[in-house]
Amino acid sequence: MQHTIQRPSVSHAAAQAVVEAAVRAAQGTPVAYAVAVVDAGGHLTAFARMDGAPVMAIQVAQDKAYTAAGFGMSTERWHEFIKDDAPLALGAPAGVERLVAFGGGVPIILDGHVVGGVGVCGGHWSDDVKIAEAGLAALDR
Amino acid sequence: MQHTIQRPSVSHAAAQAVVEAAVRAAQGTPVAYAVAVVDAGGHLTAFARMDGAPVMAIQVAQDKAYTAAGFGMSTERWHEFIKDDAPLALGAPAGVERLVAFGGGVPIILDGHVVGGVGVCGGHWSDDVKIAEAGLAALDR
Amino acid sequence: MQHTIQRPSVSHAAAQAVVEAAVRAAQGTPVAYAVAVVDAGGHLTAFARMDGAPVMAIQVAQDKAYTAAGFGMSTERWHEFIKDDAPLALGAPAGVERLVAFGGGVPIILDGHVVGGVGVCGGHWSDDVKIAEAGLAALDR
Amino acid sequence: MQHTIQRPSVSHAAAQAVVEAAVRAAQGTPVAYAVAVVDAGGHLTAFARMDGAPVMAIQVAQDKAYTAAGFGMSTERWHEFIKDDAPLALGAPAGVERLVAFGGGVPIILDGHVVGGVGVCGGHWSDDVKIAEAGLAALDR
């Protein structure tokens, strides 16, 4: 019996780099965002709330990151996934704690492993997605 | 580096005036309401529950005020905002904690700043809106 | 910048073996227990509630496992740790969510790493500790 | 009637500077910490969890920051404040949600105003205090 499994998880340095890159990208826009990065276990690792970002964005950003890391899938894809499956469409966003089913949460995938997630909230979800992806680009270098 | 930002927030006196004006307006109707005012940070500042108002209205009134202050937008506008944006329609009311997507929460906007929110619950949401607006009129003088 | 860290975590097979060994040990006693194993991130990995175990034991067993994994220390040691540190004695069990400061939670340590925790609840905490340790013995082989 | 009050609150730039200075101070020690900064309203503004910090430290750091901002008093002072007041000693840490009554949360006070709080968790609370103060020193320059 194998007693342990090895799980790669985003480092604090990488999480912080993602948050900073997201904030930098946002500074060129008129919107203020909250940005959260969680590790492979869904636990908060780095976070920033820009001046003027809505108070409600604090929790939503974290929940988007959690949802993205939890299922290894962008939160933007949830709608496509559930829209023609009536029980899920009605039941999943409402019934699953912390599940966010619109864009702004993106999994952090490195070497084929889901090692965490980034969540952004502040603008329309389509803008949130762009800021999240700008944050993730910090790990391409 | 700028160490602080200045945020105007509704005073207790103004919050109390809004609650009192809302209750006065409600006294001419057959319905009993709960009325809540939160400050710019979403925190409860003044509250009244009229005799006979439903117990569940206590939390809903607070959540409406919180939603209105949180996004600086009347909760009545959420339906228009999300009804043709399928991911938000399915995901936002269900997935965002304390978000109320029907009428009765109105932001308190003074000199162009969102300084708080008022939330009313007890009747149909279209009645709740009228009571909230009657409350806000106390600040017009 | 190092993008990821590697974290060993208890496998499901090992977690299940711990639960089964704990239940087997308990079957020789008059008490019915709940037994929980969490992974390195504090998330539930295997669980059993014996017939007749108290409903409240379900959460306490999980909280003990979570506390043990969270700090890498047996929950039995918390009392020794805090009893002469008055601020912690007053503040820690009360103020830290899910912290259990009496026996029954034991960290799972393999090759020097905290890879999870086991928590047991049902009897007096001194009995709970024995069942937890009987469970952990399954990993000695 | 004065409709609004002006409340200074820690900026995101200052909050981030506090977190970074705390992490830098911690890197010279053997302990890994979680560090949180909240604004004047108690809302999370910046956060970092160092690699290896306990999962349970994530919430405790935030609760310490919240407690410090909430009462404008270091969490370290709570024990002195309640220890000879039996009802508070028994009742406050246990009965007040998110109240942490041991060291590691320090208010951020600028020009005589409580503009936020920093919370640190990971080591003994006496170490947590030092890291929090090292973080705050970033605002002295």
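Note that the chains take the letters A, B, C and D in the order they are written out, and that residue 1 is the start of every chain.
Basically, a residue touches a chain if its C-beta (ideal position, glycine included) is under 8 Å from a C-beta of that chain, and two chains touch if they have at least 3 such contacts.
Each chain and its UniProt protein: A, B, C, D = Heme-binding protein.
Everything numeric in this text was worked out from a predicted model, so none of it was measured.
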*Examine where the copies chain A and chain B touch and state whether the two sides share over half of their residue numbers (same) or under half (different).*
different
*Distance from the CA centroid of chain B to that of chain C, rounded to the nearest Å?*
45
*chain C to chain D: how many Å between their CA centres?*
29
*Taking each chain's centre as the mean of its CA atoms, how far is chain A from chain D in angstrom?*
26
*Return the residues of chain D touching two or more other chains; collapse runs of consecutive numbers into ranges.*
11, 41, 43, 51, 55
_If I apply the definition of touch given earlier, which pairs of chains qualify?_
A-B, A-C, A-D, B-D, C-D
_Touching residues (chain side chain A, partner chain D) in the complex_ = 11-12, 16, 41, 43-51, 55, 58
*Inside the complex, what are the residues of chain A that reach chain B?*
51, 54-56, 59-60, 63, 76, 78-79, 82-83, 89, 93-94, 99-103, 125
_For the complex, give me every residue of chain C touching chain A._
1-11, 13-14, 17, 39-43, 110-111, 113, 115, 139
*chain D touches which residues of chain C in the complex?*
5, 41-42, 66-67, 69-72, 86-88, 90-92, 94-99
